[in-house]
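If you scroll down you'll find the structure; I have some questions about it.
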Amino acid sequence: MHMETGALSQARLARQFARVRAQTSALASNLSAEDCALQSMPDASPLKWHLAHTTWFFETFVLECFARNHAPFHPSYRYLFNSYYNAIGEQYPRGQRGLLSRPALDDILRYREHVNVRVAELVARQALSADALAILELGLHHEQQHQELMLTDFKHLLSLNPLYPVYREAVPGAPAAATRLNWRAFEGGLADFGHEGADFAFDNEGPRHKHYLADFELANRPVTNGEYLAFVEDGGYRRPELWLSDGWVAVTSQSWRAPGCWREREGARFEFTLSGLQPLDAARPVTHVSHFEADAYARWASARLPTEFEWERAAADVPLQGHFVESGELHPRASPDAPLAALFGDVWEWTQSDYAAYPGYRPAAGAVGEYNGKFMSNQYVLRGGSCATPRSHIRVTYRNFFPSGARWQFSGIRLARGREPAERGD
Amino acid sequence: MHMETGALSQARLARQFARVRAQTSALASNLSAEDCALQSMPDASPLKWHLAHTTWFFETFVLECFARNHAPFHPSYRYLFNSYYNAIGEQYPRGQRGLLSRPALDDILRYREHVNVRVAELVARQALSADALAILELGLHHEQQHQELMLTDFKHLLSLNPLYPVYREAVPGAPAAATRLNWRAFEGGLADFGHEGADFAFDNEGPRHKHYLADFELANRPVTNGEYLAFVEDGGYRRPELWLSDGWVAVTSQSWRAPGCWREREGARFEFTLSGLQPLDAARPVTHVSHFEADAYARWASARLPTEFEWERAAADVPLQGHFVESGELHPRASPDAPLAALFGDVWEWTQSDYAAYPGYRPAAGAVGEYNGKFMSNQYVLRGGSCATPRSHIRVTYRNFFPSGARWQFSGIRLARGREPAERGD
Amino acid sequence: MHMETGALSQARLARQFARVRAQTSALASNLSAEDCALQSMPDASPLKWHLAHTTWFFETFVLECFARNHAPFHPSYRYLFNSYYNAIGEQYPRGQRGLLSRPALDDILRYREHVNVRVAELVARQALSADALAILELGLHHEQQHQELMLTDFKHLLSLNPLYPVYREAVPGAPAAATRLNWRAFEGGLADFGHEGADFAFDNEGPRHKHYLADFELANRPVTNGEYLAFVEDGGYRRPELWLSDGWVAVTSQSWRAPGCWREREGARFEFTLSGLQPLDAARPVTHVSHFEADAYARWASARLPTEFEWERAAADVPLQGHFVESGELHPRASPDAPLAALFGDVWEWTQSDYAAYPGYRPAAGAVGEYNGKFMSNQYVLRGGSCATPRSHIRVTYRNFFPSGARWQFSGIRLARGREPAERGD
Amino acid sequence: MHMETGALSQARLARQFARVRAQTSALASNLSAEDCALQSMPDASPLKWHLAHTTWFFETFVLECFARNHAPFHPSYRYLFNSYYNAIGEQYPRGQRGLLSRPALDDILRYREHVNVRVAELVARQALSADALAILELGLHHEQQHQELMLTDFKHLLSLNPLYPVYREAVPGAPAAATRLNWRAFEGGLADFGHEGADFAFDNEGPRHKHYLADFELANRPVTNGEYLAFVEDGGYRRPELWLSDGWVAVTSQSWRAPGCWREREGARFEFTLSGLQPLDAARPVTHVSHFEADAYARWASARLPTEFEWERAAADVPLQGHFVESGELHPRASPDAPLAALFGDVWEWTQSDYAAYPGYRPAAGAVGEYNGKFMSNQYVLRGGSCATPRSHIRVTYRNFFPSGARWQFSGIRLARGREPAERGD
């Protein structure tokens, strides 16, 4: 799946394996079996399924392939917890993952422990081939992706509950004021983009290739709730001229009136968060907006979304720091005053680039070739990670992707615009 | 809702309340929180919802109306656990009952206990009005209906699980042979039907009224799996001429090939039961058939379904005995050799009668008037109770009702036919 | 299909054949090919299809069976114009009848002429068997049914056109005042219902059989637009307590606010008719109401719908006169002042009786056995014919049937109520 | 809408107006009113609607804006025939265009004539502004687009008719053999793409901008039916590994087994054409394939689809010649033996490029700004025109676009591949 063999030693991988697996389990540790069993929509999965599927990944691609005398933990799990790998076989239907009260959460936790032990034994007892190490490393990055999905899928489930439950208590903190929006200019030209080198990356991040950019400007920070509220109050959701045609269909057919987690109560605006319903904070980045909404907002603001290459160009010079899942505050924070704030972390930033193969792209051989490539259709690229992304998971070349209408991720907006000397004389 | 004040004394009602409420809780006592939280389809509800809604009934119709200084257990429960009583207010959408991980099962069990205590106090401390006693008694029959639905809804959920889980271990027993099918003849004439008297009955069972019957014959027992298998193997599901037009649409659009719980594995036939997957037992009554299937089978067998009046005429002379939920064997048993076996218990028997108001029918005043009457449209009457019905819940005048396509209940078939002297000379 | 051999002589049948066939063609004679080709919904058919299907009936059931050396007019018509006779073979899908620009209307008119000539030859040249005469007579009644459907299907199509086209110019006439609503009382008792004798009837009208009625009262005329408007203005479409549960689902999911052809323009109420948009006439019977609306109106009016037996009992003593299609005024008229006005003609009257087999019912042998019996499920009986029914088509035992939500027929409401001496002292 | 004022003189535009308008009418001249009224699916429109909408374009954007004292031809047409211009007002729902038997075809032809006369008068009597001339020219290109849609929409309608009607008799001709597939190599580098200059182009073709290409190779001609048949027979529609994930959903949910117009009869393969059903010709280009099918075929053939920039780079040096609608043969022809055959005409060639804005793109001001830009979402670019495209309508920079699943256009496949010296040693 990944184009390059990761540079990690076997010992270091073993330690990472233990750490990442424990982080996953910790996400569900304060939840009940019923919290972990429900599915809010076909696009989201029960937490129990995530716990099992990430384990299935190691059992199927590591233990089955590289461990001697491996016996399946359970004869049905190969089918039940296969997400979409046709090369492995049939899959239990995605939309029915919420119909499985059995295997119980406890069974799944035993499954996790069993596979953890076997993988640890495998790594401890024999020198693994480069292929085996590569798939093991891939499994860890795969698991980190599911860590983020566990938070967003569970947030979506809770957001449908009229009781507005709390997943984790809010982190207290002084409210921040929004910083001023301004523009940072970039010179265009021919440059190289995409991943290269020995470090791990998904196959869709490469190969590194040339791409030409015109001059452009990028906003210094993501769009805030306060700015987005002005769009809403200016009739943003009632004016078809601001929307892509498909976006307007989404607005009208789904009765969108605001971002996915905004709520109104007796005239006041609130935002549903993983810490329950909170007053809408004007200074924080707007999140849970679809690509359609991001695009419409940008048009209203006389700007546009950046391309993924513009984003990568800008991010290449910025240290990979930000507000990630490790902070424990599972909600985007107000951006600090900086030339290019919050490119990493807080909210994934929608780009105008469709999720397509880079020139020369080749999926990996075998079943893991299905990991990324087959989704290169009708999706758009998001960049930079969010407050639910593990810090060690993100890269400047990292390409996340979702369909235009998806809004249950921590997705937000950074504006871009062309740079026309005549117009921007100042 | 019920037309007559029940004849039970307040003290006896108090004892029944304690018993029925305990029976409900016992049904879920061996299940996990995740077992109780899932919803398999909009027509079925999570067990947790049943546990809460039956409690809501007593809180809303008894405590709110008759207890001094009643304070709601939780401000949202009035909305969350209202099934369909518009007079009480808005209802949480039926199809989303499976999206509520909170309130947790433990919260619902506390809610049950709280209301149990309050109702017990109410009954112990003051002499209740006839109205209060009547609604309390209604609540117990309501709760018994939900006891049966808990079993059928949960069976439906488990039936979708590829692991075929066991709810309760099978009751061991010697396999019985099917008894011979024969016909019992009844004289027609004008007679009285429906409930009358001081004992409890639902409002839809009355008023007692005259109805004319022609001579008819009734089968001595329900159709067996073995008989139904002959229909299947004779192309029953491939021959449109055997089906009502809407039934044929159901067959083709839902790909029906056999009753709802039949399964095939490597050429052998099995039946999914609350004790897991079992070899199909030819001697037991066929169950989980829709009205459409019952009607098609009857046509294939050169017979027809009885009307509800024919059924009631035949049952009027039969002792109210049979195989009910108290046996612990949650599956229909092979019928004994008797002139009219298994009219009560084992399987609900589809009639050809649509579920309509008896002449002079009037729903009760107030919100409980919504209990029965508003469903008198596009449903068919079933009679006699099943292996999941409490013995004390059923009556000869009892009218159950479901739409033509429903097949997740313990519904079966008893054949009828006209009696034409020339044809039936014996 | 019909139980009895019609009493008509072969010569008289031949004359009727010519007359009925010409009447059908005349209905479309002022319409364009495009008027005749469109389908407004799966339940309705293009006029061209009606013209072809009624011809197909004679070709398939008369010429194919009884004419020597019959060659099909076109090899595909057997398939294209078969409505629902599985015994004849596969059918072109109902919902796609509006996708056939070919065969052209002119081709269909040639088809009609061809079959007319062949049937006339057959009848002229040989003495037909009783079976042949019976199916020929059935074909004429079948064709008359389609004459009414042509008018209602076409009205439905035009009603969706924002231009509100006129099919036939309105018949001028002085506006009538509504007559006073009063009640006519009937004694109950055991009586005979259904068709008997040598005259033609559909198989579903028999056999004649005994049925017991309690005393009842019937309104002297159908409910008027003015009366129904009072229901609308009293919040009839906003009050769930007035509706059957399924009816309320229809109201909310389909946004019903008034009968199917009522329109509002700048605060004034209009009714779409086959003569275009007309001011709502308070004196005329309300029409294009579903069974759900008829039932809700009756509940609001503290009454109920009659059973089909009550209706037949009342109609048995009334001369078969009324306002039928022959008048040329294709809209119900204000009812005259009479003890039982407009039982026949004007609007079909919804009953509370589900469309079910009479005791002893047997469908005819062969393909025409599919004519009626297989629809005895989830439909309700309407009685009496409408302003779009041919006078010679209706009978006191005639049973029309449609699902509860259907409202594109000329369906209306006649109220009934029980008769309780204490309450009704007069 | 277009970025540049066209270079045509007013007199030349007047002549083109007359010619293009006449060509549109001629397409329907041999069809009946019913042929012109039907709608096969929401994506396609009745021919009558196309005839009216193209006229509406001139009435709304030319006569209303630039003619003195313009009175609307009909008060409802502004609403009825507005396709998707929200700035003009509400639109009659797209999916219901097939429900309008009125206005009649004759009315629409009168509408065309009326607007033709008024536009001709306008152009004859006054010197028009550059804006007026530009919108008039745009209207002609708009009308040419609809000319092609009339053929493809009507072909789709006929393809659903079991009679397989003929729109235009087939052009006789000697069958051609397929030419050999070979590859033409292109050097990469930074180059300019998109429209520039005074000639007409749609706004989405500009602005001209730089884009970098790696070396690549392009097939000398489109994929043939024979080649595609090999894919089908190799299990192409049964092997998920060949498909994008969304493509595989389309294959399974829509039961795709072959291109949209292929039919099987008694074991032989046919293709439905505008000349009726014809034996499948292995030498002709495959057509009526979706983007999903084009992508899957390319993967099976160890190649890929070209980007739109690769296509434009190759086409820039090729004369704009090919098989267009003027030939009268409304079906793609076998490609001649040429270094780069059939880039223009025959079949639109799917590219792997999503339909997105070029850098610096700005839609035109006003309502015509809705012409192109708002569809830049979830669609893919096709290049080169087809056998149904007018010769004068196509350009090397022309960008057609359709969603991934669309296959009722004359869409085909040209393969591309990267150029890797090591692998391609010749």
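Couple of notes before you dig in:
When the chains are written out, they are named A, B, C and D in that same order, and each has its own residue count from 1.
By our rule, contacts are C-beta pairs under 8 Å (C-beta built on N, C-alpha and C of every residue); 3 or more make two chains touch, one makes a residue touch a chain.
Given the structure is predicted, the values throughout are model-derived calculations rather than measurements.
Looking at the partners of chain B and chain D together, the chains they share are A, C. Among the other chains, D has the CA centre that is most remote from the centre of chain B. Between chain B and chain C, the centres computed from C-alpha atoms are 37 Å apart. Centroids built from CA atoms put chain B at 47 Å from chain A.
Our note on geometry: chain A versus chain C, Cα centroid distance of 59 Å, whole angstroms.
For chain A, the set of residues touching two or more other chains is empty. Chain contacts here close into one cycle, and each chain has exactly two touching partners. You'll find the chains touch as A-B, A-D, B-C, C-D.
Across the interface of their complex, chain C is touched by residues 32-38, 40, 48, 76, 79-80, 92, 96, 98-105, 157-158, 160-163, 165 of chain D. Considering their complex, residues 84, 86-87, 190, 209-212, 214, 240-241, 243-248, 292, 295, 304, 352-354, 356-357, 359-360, 370, 374-378, 404, 418 of chain B touch chain C.
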